[in-house]
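Submitted below is the structure of interest, expressed as structure tokens.
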Amino acid sequence: MSSEPTIKADRLAIVLNCLAAAMMMGALYMVFLYAPREINMGDVQRIFYFHLGAAWVGFLAFFVTMVSGVLYLWKGVSRWDILSNASAEVGTVFMTMAIISGSLWARPVWNTWWTWDPRLTISAIQWLLYLAYFMLRAGIENPGQRARFASVYGIIAFLTVPLSFFSIRLWRTIHPVVTSGAGTDSATGSFNMTTSMRHTLFFCLATFSVLYLTLLRHRLRLAWTQERADWLRQRVLSRM
Amino acid sequence: MQVYLISSMIQVRGLVKAFGFQTALRGIDLDVAEGEFLTVLGPNGAGKTTLLRVLATLSKPTAGVVRVGGYDAAKAGAQVRQLIGLVSHQTLLYSQLSAKDNLRFFGRLYEVADLEARIAEVLDVVGLAARRTDQVRTFSRGMQQRLTIARAILHRPRVMFFDEPYTGLDQQAASVLNKILSDVAAAGRTVLLTTHNLERGLVGCDRVVVIKRGKVVHTVDRAEIDPASFGELYQDVTQ
Amino acid sequence: MNFIRKVVAIIHKDITTELRTKEMFSSMVVFSLMAVFIFSIALDVTASDPMDTTPGLLWVTIAFAGTLGLNRSLAQEQENGCIDGLLLAPMDRSAIFFGKAVGNVLFMSMVELVIVPIFAALFNVPLLRGSVWLVVVLGTLGYASVGTLFSTMAVNTRAREVMLPILLLPVAVPIFISAVNATGGFLAGDPVSDVANWLQLLVAYDAIIIAVSFMTFDFIVEE
């Protein structure tokens, strides 16, 4: 028998909202005022902090999707699948931001909208995997089957990410991308990080992680409400 | 208190099957003794097919226990499957292969001893010996149903499930099915047959169970049924 | 031992069916020929060094021809509900996976035996050497295994066969990168130490993907 899904009042969301907002303020300050201007690329380098933050969340969210997929297959409880889906949605948004910010960074620095450098490429691959995940979910009516298939795909897809990354890096080591740039460093997209840059980067990663948790919490609440609505609808229909 | 009758071939306790929030089976308890012929009656959508699929290990229970031949269907699925044969709406036949090839394939999966001899035997029983090397896609619907029955009895299963077997059968296939049912019953096999056709359902069975919306609503021995008044009783119970 | 016999029975059934109809083989080969032709025209292969472009073209062709075969193999089990026949058999469900996967590897290999020589001839590159065949085998093993799992999923979706390439291609990226680079390396006569990295990646990928595919197959076919 299916039991009534319950939803409690959400203090956690309020706390997360405030924390995320505060940290974002801090991050903006650090990125624009605290971190120094990069010698070769100039101010456009500052996009790197958000680019990496978004890419990190995209990857983290994918990991959460995989783990909750494993838990769903193990326990059979639908809330794990709901978490998988929610995390994938939030992750896709961040991965999109990572790709766009990467592209915006590439243009002024290397005069191209896209570069096949390992980080950007692996972001694109993860984005495609996310897309496939959603297409799979959209194509299945039976909720149990949808959850099982999505869980299996999420697991396999995530496992291929490190393998893809290594293969791309090996590829780029053997065939480096030669682009025009101000100096030899920026030609391959690297720059020397000062201590304050490092501080800024870590703070940004933390900020984006909190932002991820906040958005995830909101998305989960939405999904739980949807589940309750579905359950109620089914109750009404079966009484008729 | 859960009592497991030692002589029960099939035991179902508290079987629940849900698809998302839709519950197809709402707590079924059932005992079928060895050699018993049970007819499961019920309107469309009652859950008859779902019940058979769970018993045949094609579907996993959401809750509850199913035991066939002493084996737990959820834990010892392969052993359960060795004991059972299923005849359902779909033929489960490969249309590009011949009748013999199909039977040979299933015979190998079931590790049937003396396979070639057994294939010849079942083809004779269902009256398809003459067409044994023809591809199944050249068979009529009735012939395909007969071959499906042959496939189901090939490994001499102790338990047989028939899911609405008379649907869409021609005269010849229906009479073959009747003969198989009486042969199988005479040989002491356990049979579970589902149907929504009261007339057919009452033929040859030992007991009748009526299912409505995923629950057992009536059970009665065949000997105690008066065919004339049963129609009314059925209407009452399924309303 | 019984397990292996049942796996062999499934492979034998698939081969028998294919010998009767020759559907899979012919469609895969014809598709490959058309692909080669169109690639040649569209990319004006004569303008660039074929040693650079052929490995990529070869693997793209194998990838897409492969999805045709994978789809067909599982679609056969959809007809008449045959997959239930397999699920009713008294054996571990993984036998179904291995039976279908090995069958798919065999069919892809048959097609590759035809198209690799054609590529070699058409683009005038020395593809017909043992090292290249090794790469082809390693790539096919991984691709067909995870492809078998995904096509089992795909036939159950609304979009059916179209879903398979969407699911499979991004997951198979490590195969493509490794196989293309390894093929290119062997063509150019690079020392084995250079190409070894790619081969190691392929082997690692194959091991992981085959293990995970067979472990999760049960969850895909159960209800």
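Which chain is which? They are A, B and C, in the order written, and residues in each are numbered from 1.
The rule is short, and it goes like this: contacts are C-beta pairs under 8 Å (C-beta built on N, C-alpha and C of every residue); 3 or more make two chains touch, one makes a residue touch a chain.
Keep in mind that this is a model prediction, so the values were computed, not measured.
In terms of C-beta pairs in contact, B-C outnumbers the other of A-B and B-C.
Chain centres here are C-alpha means, and the one lying farthest from subunit B is A.
Of all chains displayed, C has the C-alpha centre closest to the centre of the whole protein C-alpha set.
Inter-chain spacing, taken between the CA centroids of subunit A and subunit C, is 31 Å. Subunit A and subunit B have Cα centroids lying 50 Å from one another.
Our note on geometry: subunit B versus subunit C, Cα centroid distance of 39 Å, whole angstroms.
The multi-chain contact residues of subunit C, meaning those touching 2 or more other chains, are 222-223. Shown for subunit B are the residues in touch with two or more other chains, of which there are none. Taken residue by residue, subunit A touches two or more other chains at 144, whereas all remaining positions touch fewer. Interface of subunit A with subunit B (complex): residues 1-2, 142-144, 230-231, 234, 238. Put simply, subunit B touches subunit A in their complex at residues 16, 18-23, 26-27, 63. The part of subunit B that touches subunit C in the complex is made up of residues 53, 56-60, 78-79, 81-82, 84, 86, 88-97, 101, 105-106, 108-111, 135, 151.
On the side of subunit C, the complex with subunit B involves touching residues 2, 5-6, 9-10, 12-13, 16-17, 20-21, 76, 79-82, 84-92, 222-223.
Considering their complex, residues 73, 125, 128-129, 131-132, 135-136, 139-141, 144-145, 148-149, 151-153, 155-157, 159-160, 163-164, 166-168, 170-171, 174 of subunit A touch subunit C.
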